[in-house]
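Dropping the structure in here first, questions after.
Going by the order they are written in, the chains are A, B and C; count residues from 1 in each one.
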Amino acid sequence: MELIKANEAVVKAAILAGCTQYYGYPITPASEVAMASAKYLPKVGGTFLQAESEVAAINMVYGASGAGARVMTASSGPGISLKQEGVSYMAASELPCVIVDVMRAGPGLGNIWPEQGDWNQVVHGGGHGNYKVIVLTPNCAQEMCDLTILAFELAEKYRTPVYLLTDAYIGQMMEPVNFPKERVKPARKDWALYADADSHKNLVSSIFMSTGGLEEHNIHLQEKYAEIEKNEVRYQEVMVEDADLVMIGYGFISRMLLSVTEILREEGYKVGLLRPITAFPFCSKRLEELAGQGKTFLDVELSNGQMLRDVRLAVGKDATVHFYNRMGGIVPSVEELTNVARGYLK
Amino acid sequence: MAKDILQKPGAFFDQFDRKGGAQKTTHYCPGCGHGNAHKLIAEAIDDMGLQDRAVFVSPVGCSVFAYYYFDMGNIQAAHGRAPAVGTGVKRTRPNSIVISYQGDGDLASIGSAEILHAANRGEQMAVFFINNAIYGMTGGQMAATSLIGQKTTTSPYGRTVENEGYPMQMAEIMATLRAPVFVQRCHLADSKGIMDTRKAVRKAIKNQAEGKGFSFVEILSPCPTGWKMSTHDACEYIKTNMLPIFPAKVFKDESETREPFFREIPTLTDEQVIKALELGMLGEPQPRDEKFLKNFTTMKYKFAGFGGQGVLTAGVILAATAMQENLQVSWIPSYGPEMRGGTANCSVVLSKDPIGSPLVVKPDVLAVMNDPSLDTFENDLKPGGLLIVNSSIIARKTKRTDIDTLYIPLTDIASKMGLTAAANMVLLGAYLEYTKLLPLEHLKLIAPRGLKRKELADKNVEAVEAGAKWVRENITAKKTKAPAPVA
Amino acid sequence: MAEYTQPRVEIVPNLCKACQRCVDVCKPGVIETNLENAFNELGYQWLVYKGEGCTGCGACFYACPEPGAIIVFKRTKAEEDVAGNGKAPK
């Protein structure tokens, strides 16, 4: 059992998940992931390389993944914006990788404090073309370990980039973490470039010039995303069954809402928490069910309502969805959120 | 050994199935230099028997379809990113022969950062830079290497210095960097030029096979369609117009003297990996008894001071100690808006249940090491909470009357022991002695393991003991005799 | 004595894009447009070897941008290599 910083837990978990390489560019608040990678990867025979930009970094990840490696990168909002073209290329070339987005307040330079303003560009594909990527949203150090391992598994299972969508606060926390005791040995991939006789016919590319070829490829990708939506939805529920008001929040906000739930339950209010653990595939079906049971919802986010759009889509027009948000790096206190939620319960 | 027959190299596919349409010819225009460069590369790979190990990185531009032709590993890169993609491939497969094949738009414009840094890192790859001073694929636009006065679809009145600056001389730029082992510019305008290019291509690939590092070959190449000339005139244009601006010569060649470097990727056992990751340092928890855990009420702490006083570490060590009891713990440093008053501070929560918000606003215990911290957080302490004041530094008393307060000369105690920095351990020792919340031995066990600087381990255990001793002598003793206010 | 075939060039009609580069570099000038000025499948008037005078120097092979359009037969490999230097006897 370790007491470890969440941003560092990602790196140790990645190494145990068979990750051998990290390419990235320093940016607050994601630099700890880079620094931990720089410290530990060389010690396990891995590669750490600080690229000249996030654009170069994601393309190094593309190359390494194309050569069959388990590979990771990390950044924050502005860097993720720069990587979007590369992510679209990787989604199209069906290349697995893990991207950690330690979100900070935007838009533009913004500041280094937490926000959840990357949901659109990460969950709804910020790059060009009809693609999606799997997005996991940890809310504690143990999940930064467990979801990193899961991310590498899902990335290869579906041959897709997988994001860990986290934020400045989660990254900074130190909490107990139980790490696996052995290291995953990834299997050889028949599509990758191993610079040997068996793989020299392989082509890693996302260009389809033959007529109908790209449409065919698009249809294949959409089928993959449907498969992911069928099998990989994950969320956590706290006292939702009998709740009148279901609060929805992910990442650090879900930690605040857990405290709010405890306080209001002690005051006798029937309130619950639904926490998405996968942002894509989103827990739309479950939300639809809860709406069907007449629940009302309170979406709490550090953004202008980027997840709210998906919640509204899921629950439909008849359900009541309240919304409370802060932006620009301001994190609401538990007291503030408790008052807001109580207001909808009276 | 001179070959008897000069024919299509084996490193080319026999038939270009990936191409569709006429599958035995390239998609390149008649007379296009790409075809020549492709042939020289394929021949070199063939002659050196490197086909299985080769990975061809094709760019965006006319040669985006190079993977139609090369019967070897192929990976297609986003515009300008081939050197970065090549870096990823080579770092993953050190025995691969990575070829980054790029046009002037790809390399000298959008990819200028990638090529500069791959070169500066001395990435083990062979870069073939086809400079035809125009964007062919997209319809004849100006390139970074277009000549002054050259008319293109985006410099219809001819390139001017005032508007577009000068043609970029990439080989010269590459040669200023220390890491590249071989930098040459050559051309395809006539037989001599082609044969010089052939030698350069072979040397670049041989360098990589011998682990000599980063080779860069710039190849002036005719683009009859883009320049709107016959092939013959295009070749003349290279010699009369381009060569004066882009001299064909060897800028740098340390191929013979450069020490080879082959990256080895060791394989480690799981145990070696676990050890390298420094896991298991805290050892497994040694909880005393179940009852303790079941009855434990959540405790919230705030440690505040300035950076150097070890307040953040104090929080970490307390949390780590609490883990011995299988308690849930969280630690979060001051980060963001609460960094008011220039104090560094951290929040610690200890609980038997999963912890909600790790941010402590109303602490049960507040430890302050300097005046700003007391001023900033004094009123946030819960009524009935415990305030620990570092009286070595903070002169004033608290205004609060509804709390329990300990004034402890933490810094003095620590400096008397010869390690002022251990004031935070004196604090923890005093706290646990005073509250008996957790066993002191657990703290003494954990303190050294939690510290980065191992050599201070003993001193820090001493500090814990000194803190506890101070409480026993100054608080507990007084409590049993007569509860007089503490000096 | 083994009999020696003369060096020669072969141009595959349907692979030639008539860019004339081989003509430009052929010192003895033994390559020309096909006599019928006919067009190949691609729509180019392919080039042909005049039939004699090729020295086997190979310049045309390297000047040709198409991978398989031109093949140069430098010389036969003599049974007994008299000079031992792999070159055809003068």
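The rule is short, and it goes like this: a residue touches a chain if its C-beta (ideal position, glycine included) is under 8 Å from a C-beta of that chain, and two chains touch if they have at least 3 such contacts.
Remember, predicted model here, so these are calculated numbers, not experimental data.
**Student:** So how do the chains connect up here, line, ring, star, complete, or something else (other)?
**Tutor:** The chain contacts form an open line.
**Student:** Once every inter-chain C-beta contact is counted, which two chains account for the most?
**Tutor:** Top-ranked chain pair by contact count is A-B.
**Student:** Specify the chain with the shortest distance from its C-alpha centroid to the centroid of every protein C-alpha atom present.
**Tutor:** B
**Student:** Starting from the mean Cα coordinates of chain B and chain C, work out the distance between those two points in Å.
**Tutor:** Distance between chain centres: 54 Å.
**Student:** Please work out the Cα centroid separation of chain A and chain B, and write it as a whole number of Å.
**Tutor:** Chain centres of chain A and chain B, defined by C-alpha means, are spaced 19 Å apart.
**Student:** Approximately how many whole Å separate the CA-defined centres of chain A and chain C?
**Tutor:** Taking the mean C-alpha position of each chain, the two centres sit 61 Å apart.
**Student:** What part of chain C is in contact with chain B in the complex they form?
**Tutor:** 12, 14-15, 17-21, 24-25, 41-42, 44, 58-59, 61-69, 71-77, 86
**Student:** Mind listing the chain B positions that touch chain A in their complex?
**Tutor:** Touching chain A: residues 18, 20, 51-55, 57, 64-65, 67, 71-78, 81, 84-93, 95-97, 113-114, 116-117, 265-268, 270, 272-274, 276-277, 279-282, 284-285, 316, 319-320, 323, 328-333, 335-337, 354-359, 361, 450 of chain B.
**Student:** If you look only at chain A, which of its residues touch chain B in the complex?
**Tutor:** 1-3, 12, 15-16, 20-21, 23, 29, 40, 43-45, 47, 49, 51-53, 55-57, 59-69, 71, 85-86, 89, 93, 112-114, 168-169, 172-176, 179, 181-183, 193-197, 199-207, 209-210, 255-262, 329-331, 333-335
**Student:** Can you list the chain B residues touching chain C in their complex?
**Tutor:** 1-9, 12, 22, 24-26, 28-36, 38-40, 42, 69, 190-191, 194-195, 198, 224, 230-232, 235
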